[in-house]
């Protein structure tokens, strides 16, 4: 019971953090990461929904399948978003150099 | 009877289809376009005559298409719609001839005639509308069909006029729509029938019904150019002369006036109107318009603007006649004025167009001695102007006479004073024009003279005003005959039991 | 998107603080709701268990994924394919570029690992019917192998032309769809596997999908369409 | 397969799907594959309509697994209308896109770019059609999420197809916003599953009872869907994404894609969880709708570029859909509001597709879409100008268009339920709409004296006729109003019978 709720809470916190980061960060890569964190949070809550108290029957496989579907969807969308972000950076030549710096900066301070 | 209903559809198609074909025609197919136009106008006239005879002998023409709860397209020909439809189709034929002559050599004629046909289709459809929703539908479509005609010349003034026209009419349309929906939530579907809605509702929904009436009046008042909703009309004068003639004599203002007639006689019904005490409101609105329009007309030097303000004033006679609807005589005067004003005003506009097209005259001050150069045109103009003043034996006299009788019968001296005053004002602005045209000497050369051999102007420009002028006199002289607008109006009133 | 020169969020942006506050409130509300949710909801676990026999596989997750809710999975495969199409529509692959010398260590690792990973992928697909595993897991490992080979700059793998790649990418979806349609021909609903055939059909679908998923993941990693993907047009 | 076989219901999903895969596999003749798929889709929807009128609503269990375990498709009145909408405008868009791309390829500005666009347009568009059809047919709350994602991915890829920097930035933002919306929706689904343990819509309707779990779920799902539907003030992503895309793509995005998420929202609020919706929430939707109408129109009036104007008008038109919310659950006005939404959605889909197509054609021929320089376009593109004007009539809600019927229904239900303030909003909205419509139309239709406009001729009938026909459909929708109503009412009739029968 405790574990289950803990998972859910963790998921919600991740969701909220991702949501905040999505608005707060202006770098495209960070936004994508934020969305990924959000989806990880949702999946965590979803997996926790499969929990059954001891002796109350089988673990529910449906949320597992849903999470699996969700992960594949999220991978696909992330890939598309990443390439799109690359294209944005390439084509908006106004900030090519700046963005290059920015990427380095990100990696340096990212942690 | 199915075929009787379809006759109405054919009447509409007889101008709609030529319109659509004309849109697709290339610019240079002059003959084909003209013959299509005239053919359509002729066919329509024949259909409408058939319909009139049928109505006279008591046939019922009706076709309906239910859409949703409370919204039904209904075409229904009653004597009143026959009156307006006949007027429109006759004048359309004449205006088409006139327009063909007027627009010779000008660009974009296929679009012009296309919209022209659509405009007439919609006007006839307004006449044939059998319920308030159908009326609303075609009323809005009229806005769309006339707008391209107003901006036809593409000049900045034309565009400005078009914009103002849209602001007024679309605003009015929105108010009208709101009022119609509101009315229908109270009374149920509003059909045009003599009875009006149930008198029981008057007690329960008095305030709502009064407000709805005001809103409806605002909606149709925009097109009928009731003061203070008339601002678009003088500006719309930038359009070509046939358009002005069509707008002012037939389509737009008459659609508004016709709307007032329908609302007073059919939607509310005379009894409900007097129960709700709405007649004084209408009287005041129309009287103010009559006087204001005449006063403004006095100040004009531009001929077409003068005619426009004169229209503002004259159309309100119809509303004034309706506002005395307790008295059948006044109603007769108002209804017959619907036809008479159309005939007179279209004559005047044709003549104004002739002056502009032949001699380049746009201002009254340039008209000195013009009658010697263009006697036929000015003769027609004079007949129209005298009719406007109300001098016998023109048709203008007939309508004013009946209205005066109605006012007298009600002991309504106020209205009598309005009638007399407006006639006086009419005389004040028309008579100087006539005297200067006929008796003054030409001072300057004409601004832009074009010579045509044989006649004073193009034949196609000359014939329509002469015909309408003759009708103005004949219809006035034989007003009491078996077949005349007056006789038909009496026939209409039988239906309303007046 | 306004690009700010300083990328880091300002510390005391009042709007951000407000946002933070809002999100915290939202999260708190959600947490409260979750905490108070009833626990006794059975879910669909028992349903799944009772129909497990008829699904053709032993693992309940695989049964749900590929039989009970196979329609979801079909669409999900399409999402992956769509992502590939979308990526291809955006840009060209950065290959082939001048071959950089691959370090021998890297090469050796790839030579060692790639076949092994393929084997693991096959195993994962195979055991998906009774344990955790299946097309996605297998495909992911395959994709990993593909990425490894791409990173190693093996020219053969980078210069793969468009057509075989497209066929490979479509293999899974088309097999899946084909089986689904065969079920209709067989007289059942879409994706209603015939009695007794479910197990083998599922394996077929899983194998085909695993290949396509692996390819799709590698293609996504490449991040663009093969150079010869567009038809050659005369330059006018 | 006989005409009354239940299998027809999967055709709108399967046919475009197969065609999309084929379009990806083959590189030649993709247009003909797409055309065939669009026609076949229309045909199968027509058969479905016939079945529906004969047999009433139906359900189809995917894989033969009944509801709580498997996924079902369902077909009821709104579904069939949405499918029809997609099929009809889909066919128009397919034809238009053909004309569009052949024009671009014939007059290339940058060699290669247009080939790329056409190459990837067809598979993406067909898969998007699949996704929309699947969305409208789905009866499973999680399956709806998957279809939503399908829509998102294909729509974002389409939006980025133009290759211009502006469009890519817009597409990226669109993708992120859609993802956020999907995730929010998914979290809502999780809450629903945690609370009730079922995913099927029908079963949810039976077990749903007001409670904190449901409220949280509804709030999350609504938020996500509103974001995707671009309701004011969550609309910020829509205008750039729609205005910078290729013209056929704009038509798809504005005409069809936003309707997908709205459809889910409407079904959730008024069908599945109708019993747990509070009047305050409905009023809030109405207020937001008001904001959308006013803000969208004002922005549209202020735009200098044609496509942006059309995009902002989408925001304002979407507002009307939400005005129906506070009217839909109150007494006798409710049915009217349902029908109003249906008409609004249909008319807007057709009219807006036509409008974007016309704007695209104008852009192609004039080389720009600055509104102030569009004077006299009627001269060289008469059909397109008419298409634009007719679509504009629809947006203004003038009779006899579908938009008019919708506004009429909204007005009369707001007056009967004595919430007259909504009708003031509606009238204001249509007046504002007429301002932004006539801003363009008056320019298109004016031919200034003594000025030669453009010598260009329309390139292909495919660029002009689809827009005109779609606009005409939208216009004449009012005249065939009884039929959509019949479809809607068949549904409620039968479902009333079913509910009465204790099902």
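Before moving on, here are some points about what is shown:
Here the chain labels run A, B, C and D in written order, and each chain numbers its own residues starting at 1.
We take it that a contact is a pair of C-beta atoms (placed from the backbone, for glycine too) under 8 Å apart; a residue touches a chain by one contact, two chains touch by 3 or more.
The shown structure was predicted, so the numbers you read here are calculated from the model rather than taken from an experiment.
Under the touch definition stated at the top, subunit B and subunit D share no contacting partner at all. Here D is the chain whose Cα centre lies closest to the centre of all protein Cα atoms. Using CA-based centroids throughout, the chain positioned farthest away from subunit D is B. Centroids built from CA atoms put subunit D at 29 Å from subunit C.
In whole angstrom, the spacing between the mean C-alpha positions of subunit A and subunit C is 16.
The distance from the centre of subunit B to the centre of subunit C, each centre being the mean of the chain's C-alpha atoms, comes to 72 Å. Per-chain CA centroids place subunit A at a distance of 69 Å from subunit B. Multi-chain contact residues of subunit A (touching two or more other chains): 15, 19, 28, 45, 49, 62-63, 66, 69, 73, 76-77, 80, 84, 87-88, 92.
Counting partners per residue, subunit D has 142, 146, 149, 153, 156-157, 160, 168-169, 172, 193-194, 199 as the residues that reach two or more other chains.
Contacts with at least two other chains are made by no residue of subunit B.
If the chains shown are joined wherever they touch, the resulting network has some other arrangement, not a path, ring, star or complete graph. Pairs of chains meeting the touch criterion: A-C, A-D, B-D, C-D. Residues 1, 29-30, 32-34, 36-38, 41-44, 47-48, 51, 67-72, 75-76, 78-79, 81-83, 85-86, 88-90, 166-167, 170, 173-174, 177, 180-181, 183-184, 188-193, 229-231, 233, 235-236 of subunit C are the ones touching subunit D in the complex. Those residues of subunit A that touch subunit C in the shared complex are 1, 5, 8-9, 12-13, 15-16, 19-20, 23-28, 45, 49-50, 52-53, 56-66, 68-69, 71-73, 75-77, 79-80, 82-84, 86-88, 92, 94-95, 98-99, 102, 105-106, 109. Those residues of subunit D lying in contact with subunit C across their complex are 6-7, 10, 14, 17-18, 21, 24-25, 27-28, 60-65, 68-71, 108, 111-112, 115-116, 119-120, 123-124, 127, 130-131, 134, 142-143, 146-147, 149-150, 153-154, 156-157, 160-161, 168-169, 172-173, 191, 193-199, 212-213, 215-216, 220.
By the touch criterion stated above, subunit D contacts subunit A in their complex at residues 142, 145-146, 149, 152-153, 156-157, 160, 163-165, 168-169, 171-172, 175-176, 179-180, 183, 186-187, 190, 193-194, 199. Taken together, the subunit B residues at the contact with subunit D in this complex read 23, 65-71, 73, 107-108, 111, 133, 136-137, 140-141, 144, 147-148, 151, 153-155, 158-159, 162-163, 166, 170-171, 173-175, 177-178, 181-182, 184-185.
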